[in-house]
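Each structure below appears as structure tokens.
Next come two complexes, and both contain subunit A; in the first it sits with subunit B, in the second with subunit C.
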Partner chain A sequence: MYHNHGYLLSDDFASAKNDVGFGYTWLHQANTNGQFPYILCNGNTQNVFGTYPPLSLATASYFARDTWMPNDKFSAFATVWVQRSLNTISTHFDPRLSLVFRPTTNDVIRLTSGRAYSEPDPSLLTPAPPSYGSPTSVNCPSTTTGSGALVAIASEADPNLLPETANDVELAYGHRFNFSTSIQADAYQSWENQALLSGNVPISSIAQITVPQHLIAINIFSA
Partner chain B sequence: MQFTAYSANDWSNSTGEGDNDYQTFPLRSVRRATRNRFHQAVEARLDTILVNGQKRSCYHTIAVLVDSPSGYACMNAHQYAVNFYGPFGGSVDRWRTLGKQDYDARVTQQLGAGVITLEGFADAYNNNLPKGPGQVLDVTTQYGPGPN
Partner chain C sequence: MNPTVNNLAFSTTFNAAGARYRGIVLSANVGIMRDLAFNASYNIQSAAYIGIPQDILLQNTNLLDGGQITGIPLRQGTAGLSYQQRSGFAARIDTTYVGSNNSWNRNPFWFANASVSQTSGRVSVGLGVYNLVNSAAQQYGLIGAGVFVPQNYYGGGAFGGPTSAIQPGTEEYGLPFRQYWLTTKVSI
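Coming up: the complex of A and B.
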């Protein structure tokens, strides 16, 4: 179940060859899920359908944008975002620039480059009672009893995660043969940073965490 | 000033509709009878299953695990269909809802050389797929299969 809301406030100024604007946005998402039977944090099971406490994701951003068209052959589009990820307590500067050149009325060349970020799912960030695997996963198989072998016994979120970021560049060419036929060619490259990966680590390396009380509250709405 | 609203909701009782998993008695009976004839031709008319680690076979019938001292029973197609028709893979208290709502309000105003825009939105997506506990065989309820 997802519940989203947000708002945008902007001011735009248009002229013959240049449109410029700036603004602010705030976005919030809350999601939760339900389960039957409902399993409490102490492991007890209740034969009712219940929802877990919702997790939220919020972003506050400032932006500026500009569209410049000095003549019929050339145009440029620029946006600059300064985005505050409220869940990861991190700020991101994400500019993007697109240059469009039309040498003839039937050809167009587009060059775009920019930077973007993607926030982790709140379930990956929020400390919660660990979810343990099946009992068989706790028993070390014979093939993993050597020194240094790790056996997954539980999974847990990491409240220190940061958003994934990416830089990208894209070059595209389009040609129109006639009224009904055109061709598009596109090449792009993206460099991703801080990719979110899962893995096995020794339990001793995981810092002790305290699960917030509001995340372990019982929230049963149907009996 | 612009205001848009969108809302779509549906509800269905999945015990026999929506999942394509309600298998009727005639369907079960025909399927098992067909399978039985195939097995009779291919496997010397024996249907074999493992019961407590031991092979147990039924001749001309279907071998089914049951809670009895022997651990299995040999059923003909009619007996099998009586016991296994109904919401296959389903359970009691099984229903689903899907809801989507989106509301958006937008106000634009010329102010000096610029155009001020204020926009707000709220939307929701709800998908509920609850399932009750599995149906005990041979117990008649308003949801599950019955032996009658």
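Coming up: the complex of A and C.
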């Protein structure tokens, strides 16, 4: 179950060929998961539907934008975001610029470039009791290195994860033959940093952590 | 074999590499005749992780440094026909092509969805069919029937490679069998 709320404060100043705006936005999402049967932190199972503590995702951002249309054939769109990821305690500067050129009334060319960031899902960040699989079915290989040497028996979050960031550039072309027939071509490249990879780490390399008490609390609807 | 501390692991997520995505998307909308239109798109995407540390490659042999990311097809496409009458009747059929290196561990395949609907006033009734011709449909995953999933240097190749098609044990997944959807929408 997702519960989203937030607010946006902005203002725009429009003129004949230029629209300028700026603002501030705050967004929050709470994600609540439930399960039947409910598995307690000690591994015991109860035949009830229970909800886990909600996971939160919050972002606070300042932005400024400008749309410039000097004539019928050319227009430019610029946006600058300064975004604060409250979950990862990191700040991101994300500008984006689009240049649009219309050589004829039936053709349009667009060049866009910018930066962006993407936060890890809160379930990947939040320290919680590891969710174990079925240890009775563990079938370890005969080797301790190489292919399949590690057998994952549980999944765990990493509170030190950072958002993925990306620099991208895109060139697009569109042509309209008539009111119902058109073609588009789009080429893009995106370089991503801090890419999030899923994988296995040896149990021996995991440091012990203390799970916050509020994340251990459970809500059980009915017995 | 009995598990030891050297065998057991947690699955988790790392910030461990860069990634490069490059692609071309071609699409078209064609009005064939009155009320009938054709649309199609073709997508080529190169997706690769760059600079994965050796210790992560060692422990996650399906991660390829510089190779196409497992589960992201290089080629995908869609094609569809839509029929829309002014009286409120509409019908469409959409096909999707999924290239190799897909997350179903299958050879390239395609599937089709279709729908018809009738709108009268504020009421709209629609019938949709998912996976119209049961393409790539199967009830269970088939262990050992999946295509070979590439591995990095630390994978099976380091030990001479698999000696049979069963050895990699790749599980082939499928789409659900044909499903029907009946929807009614009332605009207030």
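Please note the rule applied: the second predicted complex is superposed on the first by the 210 of 223 C-alpha atoms of A that agree within 3 Å, B and C clash if a C-alpha of one lies under 4 Å from a C-alpha of the other, contacts with A are read in each partner's own complex, and residues count from 1 in each chain.
The criterion applied here is as follows: a residue touches a chain if its C-beta (ideal position, glycine included) is under 8 Å from a C-beta of that chain, and two chains touch if they have at least 3 such contacts.
Values in this document were obtained by computation on a predicted structure and should not be read as measured data.
When both complexes are superposed on subunit A, subunit B and subunit C end up sitting side by side without clashing. Taking the C-alpha centre of subunit A as the vertex, the lines to the centres of subunit B and subunit C open to an angle of 50 degrees, rounded to the nearest 10. In the superposed model, A:181 makes contact with subunit C only, not with subunit B. Contacts of A:152 after superposition: subunit C is touched, whereas subunit B is not reached.
Using the contact criterion defined above for the overlaid structures, shared-chain residue A:191 touches subunit C, although it does not reach subunit B.
By the document's definition of touching, of the two partners only subunit B reaches A:12; subunit C does not. Legend: residue contacts after superposition of the two complexes on their common chain; A:161 is shown touching subunit C, with no touch to subunit B. In the superposition on chain A, contact is made by A:34 with subunit B only, not with subunit C. Once the two complexes are laid over each other on the shared chain, residue contacts for A:107 go to neither subunit B nor subunit C.
Set against each other, subunit B and subunit C differ in how many residues of subunit A they touch, and the higher count belongs to C. Legend: residue contacts after superposition of the two complexes on their common chain; A:1 is shown touching subunit B, with no touch to subunit C.
Of all Cα pairs linking subunit B with subunit C in the superposition, the shortest spans 10 Å. Once both structures are placed on chain A, no subunit A residue is touched by subunit B and, in the other complex, by subunit C.
Against subunit A, the residues of subunit B that register as touching in their complex are 93, 111, 113-128, 130-133. Taken in their complex, subunit C has these residues touching subunit A: 1-31, 37, 49, 52, 56, 58-61, 63, 151, 154-156, 158-159. Across the interface of their complex, subunit C is touched by residues 120, 124, 130, 138-158, 161-162, 164, 178-204, 206 of subunit A.
Contact residues of subunit A toward subunit B in the complex are 1-14, 21, 23, 34, 36-37, 47, 49.
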